[in-house]
Amino acid sequence: MVCVLLCDGTNFSTLALRASPQQQERHFLEILNTTLQLITSGDATLWGIVALSLRISLSATLIAAVLAIPLGTGLAMGRFVGRRIIIMLSSSLMALPPVVVGLAIYLILSRAGPLGEYGLLFTPTAMIIAQSVLIFPIILALTTEAVNPLEQTYRPLLHSVNASHWFRLKTLIIDARFAIFTALLAGFGRAIAEVGAVIIVGGNIAGLTRVMTTTIALETSKGNLELALALGLILISLAIIVNTIIHSLKSIGQKYQRTSR
Amino acid sequence: MKFLIGLFLIIATTIHANEQKIILSSTTSTQNSGLYDHILPIFTAETGISVKVVAVGTGQAIRIAKNGDADALLVHHRPSEDAFIEEDYGTQRFDVMYNDFVLIGPKTDGIIFNNLNEFFNTAQISGSLNFVSRGDDSGTHKKELELWGYFNNMPPLGKWYREIGSGMGAALNMASATNSYTISDRGTWLSFGNKGDLVIKWAGDSIMQNPYGLILVNPKKFPHTRYKQARIFANWITSPKGQKIIGDYRVDGKQLFCPDSDKEKNNRLACPAQ
Amino acid sequence: MINLNYKSVSFSQNGTNLLGPIDLEINLRGITNVLGYNGAGKSLFLELCHALIMPQSGQIRWDGQPANTTRDSRGYIFQHRITLRRSVKNNIALPMQAAGWTKNIINKRLDELLYMAKLTSKANEPASTLSGGEAQRMALVRALATYPKLVIMDEPTSSLDPNATTEFEKLIKKIASSGVKFLWATHNVTQAKQFADDVIFIASGKVAEYSPGDIFFIAPKTLIAQQYIKGL
C-alpha cells in the first residue's frame, strides 16, 4: 500500500489505504492540482498564512541566534565548572517535544501565570517566544559543535597574541560563520515545521495566529486531506528554497574555509 | 527582573492599535462547522468588535476560560457549564443554540437495527462492528459514554472499541478509513470532507440533543477581561437577528444549528429543517 | 639585552614531572638557540617562557615582570603552521587587532610586513593556499606585527624544504640585525652553529648548559652536550 507524500501512518494513510492504484493516481493528481490552484490563485488568506509563518519562524530564529551563538561559542571556549552539564542539558533539551514547550510557555503567559499581566497569550508574539525557546537548544548545541574544532586549532595562536576572551569569541564566531549559519538554518527548519508549540500558545485564530502547520492540522481535522497535503507541498517547497539558499551560500564561502595543508 | 522581561516583551510585540476585540474560547466542533466564519464577520461589521476564536477540545476550552485567558466561553456540555458558573468563573449563561449528535456508520455493512437500544446492545455482544471513540473527555465523548451507559448498562469493552484520544476530525478520519461507527455532532459531520462510505445511521432521538451555552467570564475574578464587549456579543447572538442568522446557516443545503434563546418561540419551530 | 629569570620552576602533567626544577638567570642577546634531543623539553621550555602553560611551582620573569603579564612584548611561532581561515593579510593583522589598533595604522604596518616577508602579491589570498615556507614567513612577520622585543620560535624550519629554510633564515638575519632578539628552538645543529649567539641546552627536563655559541660547539661542558653535537 503506497502512502502518498506526507504520510505519518495516522490520518494521511487513510487516503491510500483503500484506494486502488488508479484512485491513488487520481488522488495524487488532485493534490497537485489543488496545490497549483492554491499557488496561482493569489489567495490573500493563503499568502497571509505563509507570510505569518515566515515572520514568526524567522523572528524566532533571530532571537534564538542572538542568544545561542555567543553562548554556544563561549561553551566551546571555556573550561568552567558545570560546562559539561550545560552541554549535556542543552543536547537533551533538543529532544523536547514542541507541544511540551508550548504548554510550558502557555502556563507562563496565561493570565493565571507569572507573566500573565502582559496579555501576550494568543498573539504572534507568544508564538515567537515559544519557537525561540524551542530552537534555542538546537542552535546552541550545533554552534558549539561547529566552533569546537576551530577552537582547538586557534587556541594556541590566540593565546600567544594575548587575545582577550571577547576577542577570541569574536574571532571564532566570524571564522566559523558558515557552520554557524547552517546551525541557524537547522533551527529555522525546526521552527517552520512545528505545530505543537504554536497551536497551544497561539490558539490557531483565523487571520491572527494561524500559520501553515496549524492550518494543515485544521484542514486535516476537517477531513480536507487534499487541501492539507497541498499546503504541505507548499511548506516543503519553502523548505527546499531555504535549503537551496544554504547550499549556494556555503559554496560561496568555501574559499576561505578549507583546512590548512 | 520581571519588569525588564516585561519591558522587553512589550517592545518586542508588534504594536496594535487600540483594537476592540474579545477572545472567545470554544470547541473545535463548533469551529469546524463553519458557523463562526459565517456569523462573526456580521457581528464585527455591525459593532466593530472582532471576535478571536480559540478552538480547542471542550476540556481545554473551559480550562482556558478558568485561567482568565478568554473573555467568553461557548461550549456544549451543560454540567461543565453549570459548574463553571457555580465556581464563580462566569457571571451568566445564555442559551444560544442546539444541534444534535448523530450515529455515523458504513452504508453498506448490512447491519440493521430498529432503535438505539438494539444498536448499543448488539455492538457489545456480537463484535461484528467497529466503533471509534474520541476518548478525549470532550462534550461528544461524554455524550457517547452517556449513551453506552443508558442503553448498555456496561462500559464498552473489546478490540472492536477503539479509543483514540483525539478530536472529532481525527475520529471521523479513522472511522472512514476503517469502516467503523462513531458518534459525531451533526455540524462537524456535515462539513467533513472525507466521508468515504459513511452515512448517518441514526439521528433524532431527544437523548441525542446537543445544546450550546455562552458564558461571560467573571470580571470580578479577572479584572482585565473585556466584559463590556463580551456582553455586547452575548446580547447580539441571542437577539432575534443573531438567532436568525444561526438558524439560517446551511452546509450543503442542510441546517446545522437550531436557535435556542427564545424557548417559547423556538419550540414551535421545526428544527433542524429537513 | 633581555633578562630571563626562572626561579624553582617545575612543570608536570598527570603527576609526572616533565620539566624542572629549573633555576636560571640569563640575559638574552641576539639569537639564543635552544637545543636538545627530542622529548628533552624544548617546547615545554618555550611555552613556559611565553606563559602559554603555567608551571606547577616557581616563577618565570622577563626583566622582572611575570611572563603571563608581558605576552604583548613577545612574538611566538609554532612548529606547525596555525593559520586563521582568512586571507594572508588578515592573518598578519591578528596581533594588531587583538591589541586594538586602529584600521589605518594596521594597514600601514601590513604593507611593511608583507613586503618584508615577500608576500605582497599574496596579500588577499586565503592563507591556506600558502606553501610551507610562505606560511612560516607569514607567521614570522605576524609575530613581529606589534613591535615585540623578542620572538620565540619552536622549530619553525623543521618541516620546510632546504629552499624554504634558506628564505626563512634570510628573513631572520634581516630582522635580527634590526635589534629584535630571538629565542629559537631547533634540532638542526648546522643551523644553530650558523646563528647562535648563545645556546641553552636542555636535557631530561633541565637546563644542562648555557654558553655562548662558539664555545658550545667547540667544547661543551657536559657529556650529553658533547654527544649531541657529535650527532649521537
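Letters A, B and C mark the chains as written, and numbering starts fresh at 1 in each.
The rule we apply is simple: contacts are C-beta pairs under 8 Å (C-beta built on N, C-alpha and C of every residue); 3 or more make two chains touch, one makes a residue touch a chain.
Note that the coordinates shown come from a computational prediction; the quantities given were computed from them, not determined experimentally.
Novice: By Cα centroids, which chain is closest to the centre of the whole protein?
Specialist: Here the chain at the core of the arrangement is A.
Novice: Ranking chain pairs by how many C-beta pairs touch, which one is first?
Specialist: Comparing chain pairs, contacts are most numerous for A-B.
Novice: Quick one: subunit A and subunit C, Cα centre-to-centre, how many Å?
Specialist: Measuring from centre to centre gives 49 Å for this pair.
Novice: Could you grab the centroid distance between subunit A and subunit B? Build each centroid from C-alpha atoms only and quote it in angstrom.
Specialist: 33
Novice: Just give me the whole-number Å value for how far the CA centre of subunit B lies from that of subunit C.
Specialist: That pair's centroid distance is 80 Å.
Novice: Touching subunit A in the complex: which residues of subunit C?
Specialist: Contact set of subunit C toward subunit A: 50, 52, 71-72, 75-76, 78, 81-87, 94-95, 97-99, 126-128, 132, 135.
Novice: Over in the complex, which subunit A residues touch subunit B? Could you list them?
Specialist: 10-11, 13-14, 17-18, 110-125, 128-129, 203-206, 208, 218, 220-225, 227
Novice: Tell me, which parts of subunit B touch subunit A in their complex?
Specialist: Those in contact with subunit A are residues 2, 5-6, 9-10, 12-14, 23, 28, 32, 37, 52-56, 66-69, 167-170, 172-174, 176-177, 188, 191-196, 222, 224.
Novice: Hey, which residues of subunit A end up touching subunit C in the complex?
Specialist: Residues 150, 153-154, 156-164, 167, 171, 175, 255-261.
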